[in-house]
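We just call them A, B, C, D, E and F in the order they show up, numbering each chain from 1.
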Amino acid sequence: MPEPEILVFSAHAADFCSRAGGTIALYAKRGASIHVVDITFGERGESEDYWLRTELRSEEEAKRTRGEEARAAAAILGATIEFLDYGDYPLLIGRERLERMARVIRARRPDIVLTHWKRDPFNVDHEATADAVLRAAGMAAVPGFDHQGGKVPFPYIFAFEPTVPRNDATGFAPDHYVVIDEVFETKMAALRALRSQTKLVRFYTQWAEYRGFQASQSAGRAIRYAEAFQRYTATVSDRLPAG
Amino acid sequence: MPEPEILVFSAHAADFCSRAGGTIALYAKRGASIHVVDITFGERGESEDYWLRTELRSEEEAKRTRGEEARAAAAILGATIEFLDYGDYPLLIGRERLERMARVIRARRPDIVLTHWKRDPFNVDHEATADAVLRAAGMAAVPGFDHQGGKVPFPYIFAFEPTVPRNDATGFAPDHYVVIDEVFETKMAALRALRSQTKLVRFYTQWAEYRGFQASQSAGRAIRYAEAFQRYTATVSDRLPAG
Amino acid sequence: MPEPEILVFSAHAADFCSRAGGTIALYAKRGASIHVVDITFGERGESEDYWLRTELRSEEEAKRTRGEEARAAAAILGATIEFLDYGDYPLLIGRERLERMARVIRARRPDIVLTHWKRDPFNVDHEATADAVLRAAGMAAVPGFDHQGGKVPFPYIFAFEPTVPRNDATGFAPDHYVVIDEVFETKMAALRALRSQTKLVRFYTQWAEYRGFQASQSAGRAIRYAEAFQRYTATVSDRLPAG
Amino acid sequence: MPEPEILVFSAHAADFCSRAGGTIALYAKRGASIHVVDITFGERGESEDYWLRTELRSEEEAKRTRGEEARAAAAILGATIEFLDYGDYPLLIGRERLERMARVIRARRPDIVLTHWKRDPFNVDHEATADAVLRAAGMAAVPGFDHQGGKVPFPYIFAFEPTVPRNDATGFAPDHYVVIDEVFETKMAALRALRSQTKLVRFYTQWAEYRGFQASQSAGRAIRYAEAFQRYTATVSDRLPAG
Amino acid sequence: MPEPEILVFSAHAADFCSRAGGTIALYAKRGASIHVVDITFGERGESEDYWLRTELRSEEEAKRTRGEEARAAAAILGATIEFLDYGDYPLLIGRERLERMARVIRARRPDIVLTHWKRDPFNVDHEATADAVLRAAGMAAVPGFDHQGGKVPFPYIFAFEPTVPRNDATGFAPDHYVVIDEVFETKMAALRALRSQTKLVRFYTQWAEYRGFQASQSAGRAIRYAEAFQRYTATVSDRLPAG
Amino acid sequence: MPEPEILVFSAHAADFCSRAGGTIALYAKRGASIHVVDITFGERGESEDYWLRTELRSEEEAKRTRGEEARAAAAILGATIEFLDYGDYPLLIGRERLERMARVIRARRPDIVLTHWKRDPFNVDHEATADAVLRAAGMAAVPGFDHQGGKVPFPYIFAFEPTVPRNDATGFAPDHYVVIDEVFETKMAALRALRSQTKLVRFYTQWAEYRGFQASQSAGRAIRYAEAFQRYTATVSDRLPAG
């Protein structure tokens, strides 16, 4: 079986890395093609170290800084990246923006899409991204989209972690744990490249340990670090997964 | 990877076959070991053709008849079977019965358990079975059970279809479709062996077509027959499933 | 269309009257046959005025007193009544008790069953009754029950109000309002006959006004008093209800 | 009782016919007035046979073709029809569009409104329609709308089937089955008129059989074909429905 | 502990008073600072007595009238008030409107925010307000908002009553009852000042009695009037509340 | 305000300490009276180090060992403790056991009860405890219980953490964080006394940090360690909590 084509939609600059960086690195190591779409630079809401620096600040410079950081992180993980620059806090996505996202999906025909979880009531940009990705995937799949004819199958869509400090309020209940022990250092290196959010390194180390602990309990073997996902779409196969 | 050890808990005589017969046949064909535990013979509630026959009827004879039918169906599918004879409508499971079920799990250490869905408000025996299986799996896993020491990992547990005519009231939302095209005739042969419920053949043909239609839509390729499952427990892996 | 046969299962002595007394009176006035099954006398939990009286008290006498009150209330409404005396706080219903309830259903073949709502976390006897009634209705419907053969259709089952002071915690969302303006005085007379719970009269007057206000808003016409119900089972018809 | 005034809001050209065509035909046969509002022509997402034809294609021509088909289907069922042409995939409804929908409701004062179910995560146009219809019904009901004064009661609103292949993910749990045996051929004739979606005929035959099977189980009598609905709004009456 | 700073977001002119007027009066009496933001004047949907008057009517005049009423009510309760005039039925809130709301929050740094409940399907303006307030609170909290740097903690946010006649359909389950016995007359005086909705006085008296009855049951002491709230955000403390 | 009377129901020997040990120590330090009821010794399911020791093992000895450990832990925290010895995996609670629990509640009239969360599907003993505590609190409150007359108010009931490795599957969403920085060492000392579950120390340190991080985010100030709770019952007060 060839490695799958993977597409990641990230509301802010760093979400793809903090939530799914290990999984991305793991697939990249095996030779899979992974492309990240950063919907915004997270210039307002997810750049706290940037805004706390003493020198002059502007939204434009914040975007430039965060774009460089995200590009560096993606490169470390082994993924390509592009930026839609839709603006954060609030992120609002209308018709043209939806169509652009659908075109990205239609062009790449991913096997797997990774994005945000649908309920994240204290970080509504994440909800807006999840809604838009599901909607754009539906648009990309219909035969009349862009007058092209032909139906495209829905990709398998998985949600990564919602805002971790508010995790309990989101209904997120992972059904897949990806063991990231062998690429954990790569993920950490990528997180360190996201210099406007220095708190990520310590916090996502602790969280990967927690997810690893859960995975150990399920698997009955020692696992140190894991990332958690919940699927939106069903698997069609001639097997059920076994431990 | 060796074929998994599979254990199936069926509330009444025929449930394992009508809901998961195709999946059982598929695994048996590949050489997996599958064992069915029939919690009751379905003597009262799921033997309508038996009770409508004109000759003298008794619960004891109903059990004997249904036991023979279930044994024949299991043999056709390629599974072994045992009967706990806990009595249906109502099925009630107390401490000793739970411990017996836990012993079956502990002895077999299945990789995969198939059983009923937790909400089936118009067929409460199914709910009682699902509750008891989850509870017995927990009991089997703890180190102090039967003074044996040692922890046993929780198996991967999947629910098969709830009562189909009341399906909408149960919250069942399949996340796995198993394509059963290549063993569909085997499943039908097994269903025909369950002679006290003749309606099953026609109805589960229609339903397998519906699940096949859903699976086709998800997979983007032609699928004729499928069975649907919803997992109770999470997968731990170094991959996510791809289409 | 003849008037329907109605069966009411009430956890404690007075529940049938406080929740559905108006609806019972309305149907009785039209000549329908209504039978009430009081599962307990509510001797411990729903007899507060009885227990606050100064003279000597005993559970046996509490039951006798409450039985007389409930009999009087049922007579005023126009219903027959029987008592199962299963004991309240806690109400626990095992195999034999379930079978007795199923026999009542099978014998009467009701068109409509009224009973408690399934979630009432601060009055668990109500939950136990709802569970048992759904389960007994399933048992009564299967062909093997009591060796009788023949399937009996599930009746239309409706839940009446959960414990009103905790209403918000129950998820009860009425889908039927029965206007009881023309029998409201009859309901009040029946409530006054339940002398060990004097608070019922004032409180259920206020609550009937609230339900009447809701019904007015839905119907677009003046309604003073109503009772609210939520269905468990679907309607089969050649029409949809219209205002 | 006079036949009710019925208004149907359909996201795409064919939804009204595939989901509620039998119910519409049944009411039309009895002389009721039924008006269909097609929000879009389904030109992109629900016209697969159109887009797969070899000749030159355009969105404008797709709309014209689908409009003719929908007009023919409505005529066969006995309903009038109009088109709002709001554009599908994505369907987005802002203030002016909402106000136009509210004006349609206010002008017709329907007793019954049929439309989509509120959750249909893989066909978000359906969700957008359901949201807009509930909102427009609220706008139409308030006294200040269009400076007209006077309150209009909320109609009884029912949801028809969500996207059938994704049905389990929507939480749709029908509480009304309309038996359509006597008009089934009329519904099929109307479906055949929708020539850009040829798959509808076979699929909605199978689905009507499934809903008929469910209705049979509930009603305890033989029913061949049914359509299923779930209400949004409560009934106010002096009766409860009986079998 | 000093009295908290309180900010109230009200979809229509009178919502703050009918739902939280007692709580506002109670805090004002103790010297707290309370500011009300009326998102709309409720000119279309919540001014029924205005529209039913015989003289010439216009939306502009409706707004002026309702603004005066709301100002009078706020003064009686002891709160300041401002109006955003976003237009009701439908209330739609885009980027600029969100940013204005966020600026109000950022400027006032409230300890407590009171607003609508997130589900109110038959009064969607209330849902739009709840969504916007949660979103604006998130925007106000991020360091990059308005280029100001510095994080602002999320306030404690509480929902007041959804549309009372549709209460059961909203999932509102109060977790805080505020006893308003000592300020009930002040609340009634404020409600009487809202002359375009005369029905409020009688109805919210009845409802405050119902909430008082619930509170009595929980507290085990006599309470006559209460207002009910459900929190969106968690408490951080060195204690748990005790009765 | 005097310190509240607190009663803790713990399914297994150590649950009270791992979940609420910090909160217990905090209240004890202030002079509150806290009593722990251990429903079982956790002899089978929660004594893994005991069962893995090499010497001869028996359930009786396991109980004795765990009882000593729990007594030591309670003493360190400053609470009294008793054991009901109902047997774990499976824990089943019938009428007499419920009545005994209700008598404990009635005798102590606690202001606050701490116990398990109602959904813990992979540790069903916890669910059984939560159900029984809610039911026993209802029984204790009714006037006819034990022929004593007089109503007792429901205590404020809070749930502590469900099984942490399965936390996401339980729906637990904390609404109260108790900051335990000042007693964290006391909690750790108590956990170390529970020698048959050595993993608790490391794991609950990590988890207290996570809860502390969440609490910091809500409170906007540095918090190192916290415990999380979700309430079952509403607060009645003349205030809302403020940060």
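Everything that follows uses one rule, which is that a residue touches a chain if its C-beta (ideal position, glycine included) is under 8 Å from a C-beta of that chain, and two chains touch if they have at least 3 such contacts.
Predicted, not measured: the structure shown is a model, and the values here were computed from it.
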Chain E and chain A - chains in contact with each: D, F
Any chain in contact with chain D as well as chain E: A, C
Rotation, 0 to 180 degrees and nearest 5, that superposes chain B on copy chain F via CA atoms: 120
Selected pair, out of B-D, A-B or D-E, that shares over half of its residue contact pairs with A-E: D-E
Chain of greatest Cα-centre distance to chain C: A
Length of the line joining the C-alpha centres of chain D and chain F, rounded to whole Å: 52
Geometric centre distance via CA averages, chain D-chain C, whole Å: 37
Residue list for chain C, restricted to those that touch at least two other chains: 151, 154, 174, 214, 217
Pairs of chains in contact (touch as defined earlier), listed by label: A-B, A-D, A-E, A-F, B-C, B-D, B-F, C-D, C-E, C-F, D-E, E-F
In the complex with chain F, residue positions of chain C that touch it: 43-48, 50-52, 57-59, 62, 89-90, 92, 121-124
Contact footprint of chain E on chain D as seen in their complex: 94-95, 98-99, 131, 134-135, 138-139, 142-145, 147, 149-151, 154, 232
Complex contact set, residues of chain D against chain B: 165-169, 171-174, 203, 206-207, 209-210, 213-214, 217-218, 228
Interfacial residue positions of chain C with respect to chain D in the complex: 4, 23, 26, 111-112, 151-156, 158, 174-179, 214-215, 217-220, 223, 226, 229, 231, 233-243
